[in-house]
Every structure is written in C-alpha cells, then in structure tokens.
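I am attaching a structure below and will ask some questions about it afterwards.
Note that the chains take the letters A, B, C and D in the order they are written out, and that residue 1 is the start of every chain.
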Amino acid sequence: MYQDVILDHYKHPHGRGLRDGDAEVHHVNPTCGDEITLRVRLDGATIEDVSYEGQGCSISQASASVLNDLLVGKELGEAQKIQETFLELMQSKGQVEPDDAMEEVLEDAVAFAGVSKYPARVKCALLSWMAWKDATAKALSEEAKTA
Amino acid sequence: MYQDVILDHYKHPHGRGLRDGDAEVHHVNPTCGDEITLRVRLDGATIEDVSYEGQGCSISQASASVLNDLLVGKELGEAQKIQETFLELMQSKGQVEPDDAMEEVLEDAVAFAGVSKYPARVKCALLSWMAWKDATAKALSEEAKTA
Amino acid sequence: MTQLPGLLDTEAIRKDFPLLDRQVHDGRKIVYLDNAATSQKPRQVLDALNAYYERHNANVHRGVHVLAEEATALYEGARDKVADFINAPSRNEVIFTKNASESLNLVANMLGWADEPYRVDRETEIVITEMEHHSNIVPWQLLAQRTGAKLKWFGITDDGRLDLSNIDEIITEQTKIVSFTLVSNIMGTVNPVETIIRRAQEVGALVCIDASQAAPHMVLDVQALQADFVAFTGHKMCGPTGIGVLWGRQELLEDLPPFLGGGEMIETVSMHSSTYAPAPHKFEAGTPPIAQAVGLGAAVDYLTSIGMDKIAEHEHAITEYAVKRLLEVPDLRIVGPSTAEDRGATISFTLGDIHPHDVGQVLDEQGIAVRVGHHCARPVCLRFGIPATTRASFYLYSTPAEVDALVAGLEHVRNFFG
Amino acid sequence: MTQLPGLLDTEAIRKDFPLLDRQVHDGRKIVYLDNAATSQKPRQVLDALNAYYERHNANVHRGVHVLAEEATALYEGARDKVADFINAPSRNEVIFTKNASESLNLVANMLGWADEPYRVDRETEIVITEMEHHSNIVPWQLLAQRTGAKLKWFGITDDGRLDLSNIDEIITEQTKIVSFTLVSNIMGTVNPVETIIRRAQEVGALVCIDASQAAPHMVLDVQALQADFVAFTGHKMCGPTGIGVLWGRQELLEDLPPFLGGGEMIETVSMHSSTYAPAPHKFEAGTPPIAQAVGLGAAVDYLTSIGMDKIAEHEHAITEYAVKRLLEVPDLRIVGPSTAEDRGATISFTLGDIHPHDVGQVLDEQGIAVRVGHHCARPVCLRFGIPATTRASFYLYSTPAEVDALVAGLEHVRNFFG
C-alpha cells in the first residue's frame, strides 16, 4: 500500500501549515489518535486555500497533502465531485481498479487505491477529506449568516 | 432412585397435616417451587411432634414423611445427629454406600442414597430437613425468650 | 413412521447435530425436547467457531495486522448477517450482547439514565405482562424501584392468552415503555403484537419485544413488527452460548445514553471526560463475544439455508400432532393454548397429581429430556395455581417419532406413580 | 537459537496452539506479538468447547435431565477451577461475566445502587489512576456523573510508574473505592499493590483490582492481594472470548445489590416483587456463557499444568531480552519502564517520527503482528504527549527468535521510511 507517491507526499507535504481561513475544524480519528486542524478559505465558489496541521501516519499526512494539491483553486462543485470519487475509491475494499476517468479526476490520489483494502487505514486516508467537507460546510453557513 | 420405600412414603405419607406447634416455618425450593410449612412441638428436649403440609415432588414429600417417622419422640441431640447423617448422605453425590451403622441411624431414609446422585433433586430431599432445623431453632429461641 | 404435511427432512438435518446421536442411560438415544431452554448446535456452527480460533483469532477493531483485520471482518460480517436475518434497516442497529437478558437490561438502563423525552421516572409507567420470562420482569422491577416509576401488566386468560380487555387502562398517556414477549417460553402462546403496538403508538410509548422464543422459530422482521427494540439470544437458535442481540431503532440508539463503559464503546477518553462512539459500538463495552458472534452468524446462515418459513411450518405440524397426542394421555392438562393455532412448539402440561419433577425424572430415565419447573416464568404458575409444569419444546430436528416417545414415556410415568 | 535461562519448552508448547502455524502474506509464518490484546487458544481449550457442544450441551441449573445435570456440573466445575486458580476462599465468590469490562462495570454499579456503608454519592470520592485501561476509567466516570461523586486519580512518573508521592491527598476519608490495574496494558508496569491497599484500608475504602493483564501471566492469589474485588478476562489467558470473571469478598457480595436482572439470578419472582439468589448467582442474570466458562476452566487447567510461576519466569526472560534488543534499535524509545524489573511482558515504544500505524503496517507485511494506537489507555498517551505507541506483547509461547524477528522488522521499518 505504500506507493512511492504516498511516501513522497508524506515526506514532503504540500501546503502544510495553518494560514488564514473562513472556517476551521479539528477532526480526530478516535481509533488511532490521528488529528488534523484544517482551514478553508473561499472566494465565492472558488477554493482559495486549504491549510492544515496535524499529526498522524503517512497515509493521513499524505492524503492531506494530496487534498491540498487537488482542491486548491477548484470550484466547489468540482471539488465535491473529487471528494466523492475519492470516497468511493476508499470504500471499495480494494475491489475498484481505477480507470482512466477516475485517474483524471483523482490524479495522485489514485495511489490510495491499495489502502482501501485495509479497513483500519481507510479512516486515516479519509480524515482530511472529511475535515475539508466539514470546514467547507461551516464556511458556507457562516457566509450565509453574515450575508 | 425411586426406591419402593420412597414411593410408599410418597403415596402414604406419615404424620402429614398441620397440628399445634411451638414454631412454624415456611420453606421454598426456589428452583422448582416445592414448598413446605412445618411445625415443631417440643416437650423440653423431646420432639413431641413434627407436623407439615406442602406441595412438591415424590422425593420432597417422602422425605418429610420419613423425617416425621424418624424424629418424632427423639431427644433433640439425637435428632440433630440423624439430621446430620442424612445431610452427609445427601451431599455424597452417590459416593457413600450406606453401611450398617448408617442404616441404624437413618432406617428408611437410607433409601434416599440414590437421590444424592442427582444434584437437582438433593434440594428436594433436604427441604423438610432444613425446615425442621429452622423451626427447631426458632422454637428454642422463643422458649429462651419466654423463659 | 408418521408422515405429516409440512415436515422438514429431519433425517438429513439431524446429521448436522452431533449431540442428537448422544446416548444416555445405558444406550438410549437421547430424545431432546428441551429446545425452549437451549437448542443443539449444528456442525456448521462448531466449524465456524473452530476456524475462527484456529486461523483468525485476534482482538477486533483498532488493529492493523492481518489477523486483527480478519477477526474484525468476521465479527462485523456476523453483524451484517444478523441484520439481514431480522431485516434491520441498518446494520448499525444490531448490538451484540451476552444474552437476551443483557439486551433487556440494556433497554431498561438506557431509559433509566435517559433525558427527556425518554426518561423513566416517578411520573411514568412501565407496562409488561404476566407471561414474561423473569428476564423481562426483573429488569423492569429494578427500573421501577430505582426510578419510582409504576410497573403495570397485562393478565392472562384461562386458555393462556394475554388478556387485552383492559388495554386502554393498562397502556396510558403515562406509559413510557411497553415490553412483552412475542412467544411465551412456558405456554408457547404467540402474542398479538399489532394490537399492543397500535395502542402504544397512540400514547407515544416505546415498545420492546422479547423475541427470544420467536427468532429461532419464525421469520422475524423488525420492520414489519414496528417495535422500537427487539431482543433475542443466540443459544436458542443454533448459536453458541454467550451471545445475544438487541436491535434498536437508529434514532433511539443515537439519543439514548450508554450503559456499560469501557474499551470499544468510546470515541475519545481523557481523565476528565469521555465521548462515545456511535451505535452499535456505544453499547458494546470491552472485547465483544467475537467467536460467539461469528458462531451466531453461522447459525443464521444455517437457519436461512433451511428457511425460517419452512422451519415454522415444520414446527406447526409437529405441534399440531403433539397437542393431539398429548391430549390423549389421561389426566394430562395443557397449560396454555390447547390447539396449534397462534402458538409455538412449546407445550407445558400437568399430569394429574404427579409432580413435574417426578414426570421429568422418569422421562429422563427413558432418555427423554424435557424441562420441569416454573421455566423462569413463575407468575404464570401462580396465575394457574400450580407449582410447576412439565414442558416439551420442539425444533427443526424434532420428529413425530419423538412425540410418540414422549407420549409413551408419559404412560410409563402414570403407571409408575399410579 | 538464543538460549536464555528460565525459558519454557516453547517448541512443545507451540504445538498446542493451532493458530501459531498460520501463514500470512505469501507464506510467512505469523509472529504473534499482540498477546496483551488477546492470547491464542490451545487445542485443549478448543477440545473442551467441542466436547461441551457435541456431548453435553444444555441449559444449566433447573434441569432434571442428564444433559442439564452434565452441563451444570461442567459449568459449576469451571467455577471451582477458577476459584482454585486465584486461591479464592470460596467458590461462591467467583462470578462469571462476559469480559473484564462487565466485571468492572458490575462493581461500579453495585456501589452506585448500594445502601450505606457502601453507597457512592456526592459526598464521596472514587480513586483510579492515569494508567488504567478505558474499561477501568469510563465505568467510574459514569458512576461519578450519575451519583455526583468526585473522581480522582494517581498520575504517572516519567519512567511509567504510578506517582504515589501524594497518596495521602488522593486517598482520603472521603474515598469509597480505589480501583487500579495490577499490570498496565500499555506499559507493562507492575503496580505496588501493597502500598495502595494499606492506605485504602487506613481510610476504610474498598479496593478493586483490574487483573486483566496479570491473571494470564503470573500467580494470582486474591487472598494475598487483600483486595475486595478482582476482575479479569478469559480471552487474554488462553480462554474463549465472551467470558470474564469478577471475584469479590463474600460479605460484600451478600450485602451489595444486584446489577442485571433476569432468569438465574432470582430466588423467587412475583409480579409485585422479587428476591434474589445468593452470590454468585445473584450477579449472573440469564443463561450464562456456559461453553465459555467450560473453556476458561480448560484454559486454567492448561496454564496450571505448565505452572504460572514458570510462565512468569519465561516471560521475564523474554522481556529482559526484548528490552535489551529493542534499545539497540536507533531512535527507539520505550514508553514505560526501560528495564525488566517490576514489569510484565508488554512493551510500548515509539520509533523516531515514524507513526505507529506505519510501523505496525510494515511489520505486518513481514508477518509480525503487533498492536498500534492508544491501546484503550489514551490518558497514558496524553501524559507522554504522543498520539500512539507500537506495542509488542509476549506470552508463554513467545521465543527469543520472535524478539529477533521484531528487531529485524523494525530495522526494515526505519529503512523504509528513512
């Protein structure tokens, strides 16, 4: 399961560190103690930044790095689609062989296909993605409140 | 386990019915619902009467009848010895083969030796004996109080 | 051999159950008619237990090694099987306990510690029935004592049915919970769920169904039942001892507080406070009965492969035959419904003045295993003014020949004590 | 092969454990170092389970037929074996539960519902420690929340020992109960029972000992311990899942109220009220884990046949060797005592910055099963400011070669993430 891509992202995470954001969340994987603090900054429907800090295994760290790569600069609708595709891949129990279409959407994130065979690690891979979803919802609802 | 002696006592119980007594107790075997109400009448250290009423299986009924046979008219010390010998026999798990000495003490009650192999039935055989012990203690303590 | 319509191929089925070959008392093959107490286990279940221990044993959850993942998959797979078996809307509604008694205590305790609107307290009423197993009486007595709530119950008619004539007085606006058995473990009565649930829903009371004597014998569909909780036990349905189930509606399991605290049921723990995992884990403290859940999963597979509807049909045929044959025995009185309608394959009776202990013992000498006593339903005995009954209870492997053996055995009992 | 003084004949012992032959990941023989989570089961225990189900299975107590008597004798015989194993003054002090977590919850709930002088309420204090398993934390947190009692605890020193420097402030006249683990499941620390018990007795507090990590590994003598309650779990000591034990002093078990209500635990039931059986039955509601108790009895026989003192000696030798070898691994830091003195065969460590999940996964790929995470003792991780540890834990069948395999595996982990 430790694809080179994953190890690369783990050793050299992209976009790590907390920067300004519209909403912040703190998520924990209770079974193993992985933690992430994640902020989202939106500009209308565009994701300006996803910044994060946390501790965890290579899978959860690399996954946050890949998320940063994939989502920053995207429109929310598109980001949502990427998130859903990643979720589908991770819940596939190793049954889904990523095809070209999936690879186009997920880019580096297809490297996580192997992780989906390990139920105990799926949560690690999803930690940052769930945090992102939560933070985005929060940012949007705060925006709605101030609007 | 159903020796003829037991069946005889069951079908024709001796001394059944409640008569005057110095103390009365009501004992229940909670696992099977066997019940006995038993009275003891003492004359000094002599057992004048043991009267009883109850419902239960052949073993518990026959045992009460045998008890009445054995204990009425006896001195308390002797009765105690009979009770203890019977208890020993019943707790023997079928390991004790009653010898002449035991037979002399227990008379008909040796027929219960076979019952001791059946843990679920030992309590039936002992029900009236435990009630007798309890009632006697009660009678003595009431006597002590009024003395 | 007696042929009845609807019988299963018991010759084939009995080969799956090693214990049914057991000989007792000098070579008599056992006639096992104590299925309401516990069922025998098919080879398939024992194989699943052995395979688990010999190849996959590890503690579940929290593990990254291959055994831990296999054990977790097997354990959670058993939850899926049970969820399917009872047609649960979600697998997360299936809680593994140690037996039905724990399941019922779990419900009582959830409600005792709950906040409004579920809380049971001195303003509220708890409703049960006179035909409950002690495991569906004592938890509610304890809850009533400890909260000040009032315990009420339905009585029993002369033919062993629930007396629902005063349902509107028993179940009232004060009623928070109604808990009753789907099938009586002493009389075999199948109770009218719908009538009771309709009234409970009218007043907004929760409903808990004790399905311990139903799950082994009939199609159990928690959605069709419309109850809020359903409890049953593994060992009566071909599963191992040490495993029970509580099914509960998801919203309730989310809202209600935990019962036992410990490993597995938490989300995060600090010395100052803890938060709890979502259901079902919230209610499964400590290392669960892993092998036993796997065994129950295999039992459910086994029963499903035969078909719960077929099993019900088989038992109905046996019951009809048994009722008919038993009523031919002089002085035999059935305690409970004396026909095969709306009743399960459990038949309690008295035999003249002969005490059930004696009946059971003399039957045992002939190799026939029945249960005698109050069957953990003493209020039923009190209701009928008897100290105990003799109870014969059948299952998917029971045969008409075993009914005949029972009847012959009872004749012998009568002669013996006659 | 490395020869150490005090080792058992593991070659012979390992033949008893079918799972140890298991191959994982393309033919690697498993190196099972997750014994603190659960132990493997010897053939002797599986045989006892199979014999029970194939020949003797019936519900216990209340039965007059031969199977019921055999099952009862086996179940109660297991109680005798366990009583002997822990040197209990009376067999009636041994309560079978489903696991150690239930045992600990049982104690907490007995006290929560007890009358004076045992009652825990807002005037009283409960004492635990920071190194408890969640199963000895959460029940007391729940009890404290529900009764208003104050929860206090002993801290941990830098080398993973209990900090008893403030014992007189922690255990006071208000303390009703002190509950602590004999051996830490995360650090292996063996705690100084005597010091704690002496102080508890001074103030008249009850003492509950969590012996889950002790009973499998050392001589456990409840009389020598002088505690009031001792809890442990079957699956960690070669027994089946689904069985735990609570030992309690007879007078206490007589005085304290029941917990779960139901069949088996009653003396007599009417709809209006019930009375309870004497201990241990008072605390065993419903059909008990019969086969599991029988299996635990066989496990206890097995352990005794080898000798608990010999097992302790073996594990001490393995631990000494493992500590020495592990400390040779660069960047490896042991969390807990870094010698083999007063510690059990459970060793937690961190490996540089490599997350334990990654350590465990890469070890697993080499067939080495360790546990990673907070091991249901999150407060210990918080105390040391780490999210998790990697934990290797040994048992009577562990060998020096397995220690070597672990060390080689860790080198590989370092290279992989280096």
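Here, contacts are C-beta pairs under 8 Å (C-beta built on N, C-alpha and C of every residue); 3 or more make two chains touch, one makes a residue touch a chain.
Everything numeric here is computed off the predicted structure, so don't read it as measured data.
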Chain labels contacting chain C and also chain D: A, B
Gap in Å, rounded to a whole number, between the CA centres of chain D and chain B: 47
Computed distance of Cα centres, chain D from chain A, in Å: 39
Chain A-chain B separation of Cα centroids, rounded to whole Å: 80
Contacts with 2+ other chains: residues of chain C: 62-64, 68, 266, 268, 357, 361, 372-373, 378
Where chain A touches two or more other chains, by residue: 31-32, 118, 121
Chain pairs in mutual contact under the definition given at the outset: A-C, A-D, B-C, B-D, C-D
Of chain C, residues touching chain B in the complex: 355-358, 361-362, 372-374, 378, 381, 387-388, 416-417
Chain A to chain D touching residues, read off their complex: 1-2, 7, 10, 31-35, 55-59, 61, 118, 121, 124
Residue numbers on chain A that touch chain C, as the complex places them: 28, 30-32, 118-121
Residue numbers on chain C that touch chain A, as the complex places them: 61-64, 68-69, 72-73, 266-268, 277
Touching residues (chain side chain D, partner chain C) in the complex: 18-19, 22, 24-25, 30, 32, 34, 37-38, 40-41, 46, 49-50, 53-59, 62-68, 98-102, 104-105, 108, 113, 130, 133-139, 141-142, 146, 151, 153, 233, 235, 240-244, 258, 260-266, 268-271, 273-274, 285-292, 357, 360-361, 363-364, 368-373, 376, 378-379, 382
